[in-house]
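Single-structure report; data block below.
We call the chains A, B, C and D, going by the order they appear; numbering starts again at 1 in every chain.
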Amino acid sequence: MNMELSRRGFLKAAGVGVAGSTLGAFGFPELEAAEAAAIRPFKLTNTMETRNTCPYCSVACGIIMYSKGDLRKGETAEIVHIEGDADHPTNRGTLCPKGAALKDFVKAETRLKTPMMRKPGSDKFERVSWEQALDRIARLMKDDRDANFIATNQAGVPVNRWTTVGFLAASATTNETAYLTYKVVRSTGIVAFDNQARV
Amino acid sequence: MADRDIAKEDAIHPGRPVVVSRYNLGARINHWITAASLILLALSGLAFFHPSLFFLTGLFGGGQDARAIHPWIGVVLFFSFAGLFIRFWRANLPEKSDKAWLAHANDMITGNEEKMPEVGRYNPIQKFNFWVMAILIIALIVTGFAIWDQYFFDWTTIPQKRIAVLIHSLAAVALICIWIVHVYAAIWARGTLSAMTRGSVTGGWAWKHHRRWLKELAERHRVKKPAAPAE
Amino acid sequence: MTNSWTDIRNTDLVVIMGGNAAEAHPCGFKWVTEAKANRGAKLIVVDPRFTRSASVSDFYAPIRQGTDIAFLLGLINYCILNDKIQWQYVKAFTNVAYIVKEGFAYNDGLFTGYDESKRDYDRSTWEYEIGPDGFAVVDDTLQNPRCVWNLLKAHVATYTPEMVERICGTPKDKFLKVAEMVSECSSPTKTMTSMYALGWTQHSKGSQNIRAMAMLQLLLGNIGVRGGGMNALRGHSNIQGLTDIGLMSNLLPGYLNIPVEREADFTTYMSSRAFKPLRPNQTSYWQNYKKFFVSFQKAMWGDAATVQNDFAYQYLPKLDVPAYDVLRTFEMMHQGKVNGYFCQGFNPLLAFPNRQKITESLSKLKWLVTMDPLETETARFWENHGEYNNVNTASIQTEVIQLPTTCFAEEDGALVNSGRWLQWHWAGGTPPGEAKHDTWIMAQIHLRLRALYEKEGGPFPDPMLNLTWNYKDRNEPSAEELARELNGYAVETLYDPADATKVVLEKGKQVVNFSVLRDDGTTACGCWIFSGCFNEAGNNMARRDNSDPDDTGAYPNWTFSWPLNRRILYNRASADLQGNPWDPSRKLIAWDGTKWAGYDVPDIAPNAKPDTVGPFIMNQEGVSRLFARGLMRDGPFPVHYEPFEAPIANVIAPKIRGNPVARIFQSDVAQFATSDEFPYAATSYRLTEHFHYWTKHNRVNATLQPEFFVEISEQLAAEKGIAHGGWVRVWSKRGEVKAKAVVTKRIKPLMCDGKPVHVVGIPLHWGFTGAARKGWGPNSLTPFVGDANIETPEYKAFLVNIEPTTAPVAV
Amino acid sequence: MEPSPHTATSNPPVAATAANLSERDLVRRSASSVPPPARQLEPVAKLIDVSKCIGCKACQSACIEWNDTNPAIETNVGVYENPHDLTPDMFTLMRFTEWDNPQTGNLEWLIRKDGCMHCEDPGCLKACPAPGAIVQYSNGIVDFVHENCIGCGYCIKGCPFNIPRISKVDHTAYKCTLCSDRVSVGQGPACAKACPTHAISFGTKEDMKTLANSRIEDLKSRGYENAGLYDPPGVGGTHVMYVLHHNDQPEIYSNLPRDPRISPVVNAWKGMAKYLGFAAMGLAAAAGVLHSAFVSPNRVSSEDEEKAEDLVKEKT
């Protein structure tokens, strides 16, 4: 995977005349770092950077996620900050108020953490294991498909359609997830298949 | 001669020397609370007044604590002084004779008190101190609230706060000056301190400084029986 | 988008209408401000509200929601009457000279062939006249009264500036100012870009809104050029990708179609997909349809898709209705005809119209499965939240299974942005708790189902049992594996058709792009338009070279743009019939005497002569269509139709309510209101501080815009005694909401057909879960009606009433 | 085509980087003095082009995230401002004004990003009684040093722009730091980096003035005759400047002061009052000292005591 940046190319192309000189001006001579008491230690020091894109609108701004721990080395990685990727041609480091707060989406209190099940008529969700949840889903699907699958129409033409179960796909999943979802859903004969593009 | 010069506790105790009760225990405690809070306020306030005095915050455990405690001491001062005020305001009302006394004020300062008219419980300078202190303390408490941002930030606008802080600092300076005069006078006029320590002065002190008050006490037979000899 | 976000910097005039780019796409809108700051571009905003986009515009014109077609046809009329047409472009690249069949006509708001009982047209007359040579007849002199030019001229003549003012409420002088600014872009060296979004799509005639602007852009010669185009600002990060991959009832990946019942076999299916060119020497690219279809079937079913079984044609379901879109599905659910439902990263309780109906529908399900990184209202539709979700929990017999998924930060993969860039991203965080990737979950469902069918048998399990599942980890296919499958690979070794000894591609290797796909089953490709994204050169979606030769805004080596890394669609149209750019300063590609070359990948064959092959190769004519033939259900030209709930009657066709072919269900008709009862014209929209119903879970965004509100004019507030910041009740014939009132100068009453129309603006970001204060979405109020062509609900124009009230009661 | 300014020309470093702002770069330190700095840093500035601002609040969002603050989730009170004011947890705030331009008859939605202006002559620093609680670097950044802050709120009174806010949690004053931690490693402030329309730029003050001029020229060409740069001389200029389309009426932008300066009351308080105060107290003390030197203590004589005894006897 190519996470190498070609920043030089971008800087050359992006026409950074004013800002180029600006940054040069900050570049104070080398000096032993006698950090002022006022100044917070730079919080991204020794974090791991990962390139991603904003999951909200379709501008798809480039972002950098800074984490403690490196996922690629099999470590637990906790995202501590997210900001715009200055190398990205579309957003050039900028982010909107949503993108700028992505860290708090990732770490929202209402992120789901375990499978839950609500029984008919119940007023609460109850925790279930993945095994229980998935077995239950497969059983519900199988039973309904077996009962309601339409193999042929009245004229005897094979139609292989399953209309009593529907699947609503997302708008922020990756192409790869979408494709796998497509494969799984289509292979069952589900036709009530739609996604957020509709609205 | 006015009743107002006589407080309930005031009494003459014959003896050698004559001892005159001037302040009862309550008044003395009240006074010393006021005095202590005023000193603490001055110390903490001066720390904020000028950087060269900021070290004084060390007495209070640092700048944060000094900032936090200063207004509370101010509240204590206010109520404590209010107590003194209730006790003494009548005795401090100006009277006609004060004018004549003031005309001889120079004699007082130069130590030629005997040339001056007889004085009641308080002389006009003391009265002046009393009233100016009262006014300054009211000014300080009012402006103090205006800049007590921790609780009352929204009560005033920023321009009002600016004026308040200016008045507060000037009033504090004035109060400190008055306080200096008050303390100096108490020390300079020997025999005064005992009024606020033991609560009493000698007859001679009363004769010298507040003769009219002493006479009035004698006039009213506010004379206690001499205490029975121990043996 | 025909162009890309970064290309907007090349424009001279930006028209934001049917959208609010500054609000909904701030970082894309950057390129508007860059064009303004660096090349003196102007910005026009046409919107019922003075929006954040309007706040930095050069000119703002108000418009009543749902009347955009009248405005746009008014602009076309203005350009025609003032001869502000890029004639060379129009004659060369549009069907302006094509002769339309005898019998086609338009009267009183309807085209020929309308059948009121079916609410549909017989579209047989909406066609070109075909000559004896089998090609469409054209009249390059434009004299024939039946040529598209003359039909168009007559069609738009009604839409005078006065008529525009009467329908849209846009003051005539403001309309004329817009018209003047827009018409200047008919110069070959001036370009306008159209930036639109759901302000155009969420109408019962949404597709025609967009068509009207596309027609205008063609007349001005602005399609295919730098700084021009029709730029749909897609709402979600991968709505484009999901559409491209065809996660829709009636689609296969790459805009291929699911068969319908009458296409009983593969031969029948292919017979209507010959796509023979309608003009001599034209490229009709859809002639490759079979290659893409067969390659898709091979990707799905591998060895089980054989020549003998028509490449598993029968594995695909066949539709008996045009589409089981969400509105139809929820209608069926409401009728008790749906038993189980999956919501993957979707919150229909707040996203679909007529919330009451949605709640009732979900309550009739036997089971519901939700997959989401966040708590959604849909997963908790059965939970009583007082006024915010007043349901009888005990009576709801739906079993709900809520599955926690990862989010973007925790997964690898690519998203397709609005400009069709497939951008790879990398996981950087550990998922919380037991949250799992959607790919793992889908794999688990598939594998369990497969196991059950293997064990128990059941109806037609073949498509499941034979589904290609050759992943290294069966339990969790990796993003790379799936991306490679989307790109396509050689099933057998491919030989050069001209020289059978020459190997084109070894078996198992990735195809370079879709140009090598075959219809004989020797290639597999999950989504042909993506082909080229992950070939033997590697993962092109992960490319990060952000150089941009000559600052064209193309960034050709940044990630991958479908198709074939093309950055601007129809880029052939940026040059004239000699192959020279219309505007040398905005060169995109040019003919160098032997081939096309320049900054972009040409969208015709590189050696196709400039005066022969037209730029619009996905059309059989090779040119673009001012006259849409039968491809739109509601007419070959757009017509102004009022929303189903409108404050005034349709001025040009008073008897017609709404779009005459918009799909409505009988059960919903009774819930359409009139302006007597519900006098105010409401519209719904996004705010920049929030993203749909997600960011209310985020404390920062909840801080920036904490509570549900509606926006009304000072005049309406005064009329109804509504206080600034006070509570109001807003209700429609379908439901009610309570909100804080933002009384603003940015909304003003509009005079339409002599009647003042008050606009009520309703943002859409609140619900009963998350960090922000509880509230409602506009879908509690909106009607259950969809666009005639794509069934998008009419969220942007409906009727409500409003009054002051007190704070709602939560539980 | 003019090159466009971009705050973020490179991404933040993750390798340990020496901070390029130190105590030695201080030009002012509240309630104390600093030695003249050995070097003069290039003055920096944030330029806020109000005419490009769309009021999206990305600056607020980025500010919260970078500074790890936690502003409260409030309510809607009929306006777009949220939080409703600057708070100790919200260092910057979009302020919205709907203004009917009397000249054109058109509505203008004036949106101003409020926050610390980083005055060349900072009123907060002048008012601050705590040594080292407020500092100014030679590049113009005015920063609060929380460990030295005593929470007295004098900075609020000193500030001509009503910016600092005292935290109820740690009782220290907060405001925009101009992201001194970012600037010290060569990055622009978080808000400037995030700003989607480049309405916020950051660079040397000189460059920002040049940029402002080009923006003003563009605005004038679009009919904003009074477009101009807000760099108020009353506070010696600021290191946060605005491009305003109506620079002749700064007050229409949510009461941006027309001619901000440190209040004369504050000047009197921090100037005259100090000297006067010390003089008065000194005089009072000196008077006492002098008096005691020249006038002997006022003692009660035995004669006085006898007189008193006589008086008492006489009355009993």
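As a convention for this text, a residue touches a chain if its C-beta (ideal position, glycine included) is under 8 Å from a C-beta of that chain, and two chains touch if they have at least 3 such contacts.
Keep in mind that this is a model prediction, so the values were computed, not measured.
Participant: C-D versus B-D: which has more C-beta pairs touching?
Facilitator: Of B-D and C-D, it is B-D that has more C-beta pairs in contact.
Participant: Of the other chains, whose C-alpha centre is the longest way from the centre of subunit D?
Facilitator: C
Participant: Give me the ID of the chain with the smallest distance between its Cα centroid and the all-protein Cα centroid.
Facilitator: Minimum centroid-to-centroid distance belongs to A.
Participant: Take the average of all CA coordinates in subunit B, do the same for subunit C, and state the distance between these two points in whole angstrom.
Facilitator: 84
Participant: Could you please state the distance in Å, as a whole number, between where the Cα atoms of subunit A are centred and where those of subunit B are centred?
Facilitator: That gives a centre separation of 73 Å.
Participant: Subunit B to subunit D: how many Å between their CA centres?
Facilitator: About 41 Å separates the centre of subunit B from that of subunit D.
Participant: Quick one: report the Å distance separating subunit C from subunit D, using the average Cα coordinate of each chain.
Facilitator: Inter-chain centre distance comes to 48 Å.
Participant: Which positions in subunit D touch two or more other chains at once?
Facilitator: Residues 1, 4, 56-58, 60-61, 64-65, 148, 196, 198 of subunit D each touch two or more of the other chains.
Participant: When you check subunit A against every other chain, which residues touch at least two of them?
Facilitator: 14-15, 48-49, 82, 87, 91-92, 94-101, 104
Participant: Would you mind listing the residues of subunit C that make contact with two or more other chains?
Facilitator: Expected reply: 26-27, 30, 551, 688-689, 699-701, 704, 771.
Participant: What chain-chain pairs meet the touch criterion?
Facilitator: A-C, A-D, B-D, C-D
Participant: Quick one: which bits of subunit D touch subunit B in the complex? Just the residue numbers, please.
Facilitator: Interface residues on subunit D, with respect to subunit B: 31-32, 129-131, 148-154, 156-157, 162, 166, 168, 171, 263, 265-266, 268-269, 273-274, 276-278, 280-281, 283-285, 288, 291-292, 295-309, 311-316.
Participant: Within their complex, state which residues of subunit D touch subunit C.
Facilitator: Counting only subunit D, the residues touching subunit C are 1-2, 4, 51-58, 60-61, 64-65, 70-80, 82-83, 90, 98, 100, 106-109, 111, 196-199, 215, 218, 221-222.
Participant: Please name which positions on subunit A make contact with subunit D in the complex.
Facilitator: Those residues of subunit A that touch subunit D are 7, 11, 14-23, 25-49, 64, 66, 81-87, 91-101, 103-104.
Participant: Provide the residue numbers of subunit C that touch subunit D in the complex, in ascending order.
Facilitator: Those in contact with subunit D are residues 22-23, 26-27, 29-30, 33-34, 36-40, 50, 52-56, 58, 60, 551, 688-689, 699-709, 723-726, 740-746, 771-773.
Participant: Enumerate the contact residues on subunit B facing subunit D in the complex.
Facilitator: So the residues of subunit B in touch with subunit D come to 12, 14, 16-18, 20, 47-51, 54, 57, 62-64, 66-68, 109-111, 113, 147, 149-150, 153, 158-159, 161-163, 165-166, 169-170, 172-174, 176-177, 180-181, 184, 187-191, 202-208, 214-215, 218-219, 221, 223.
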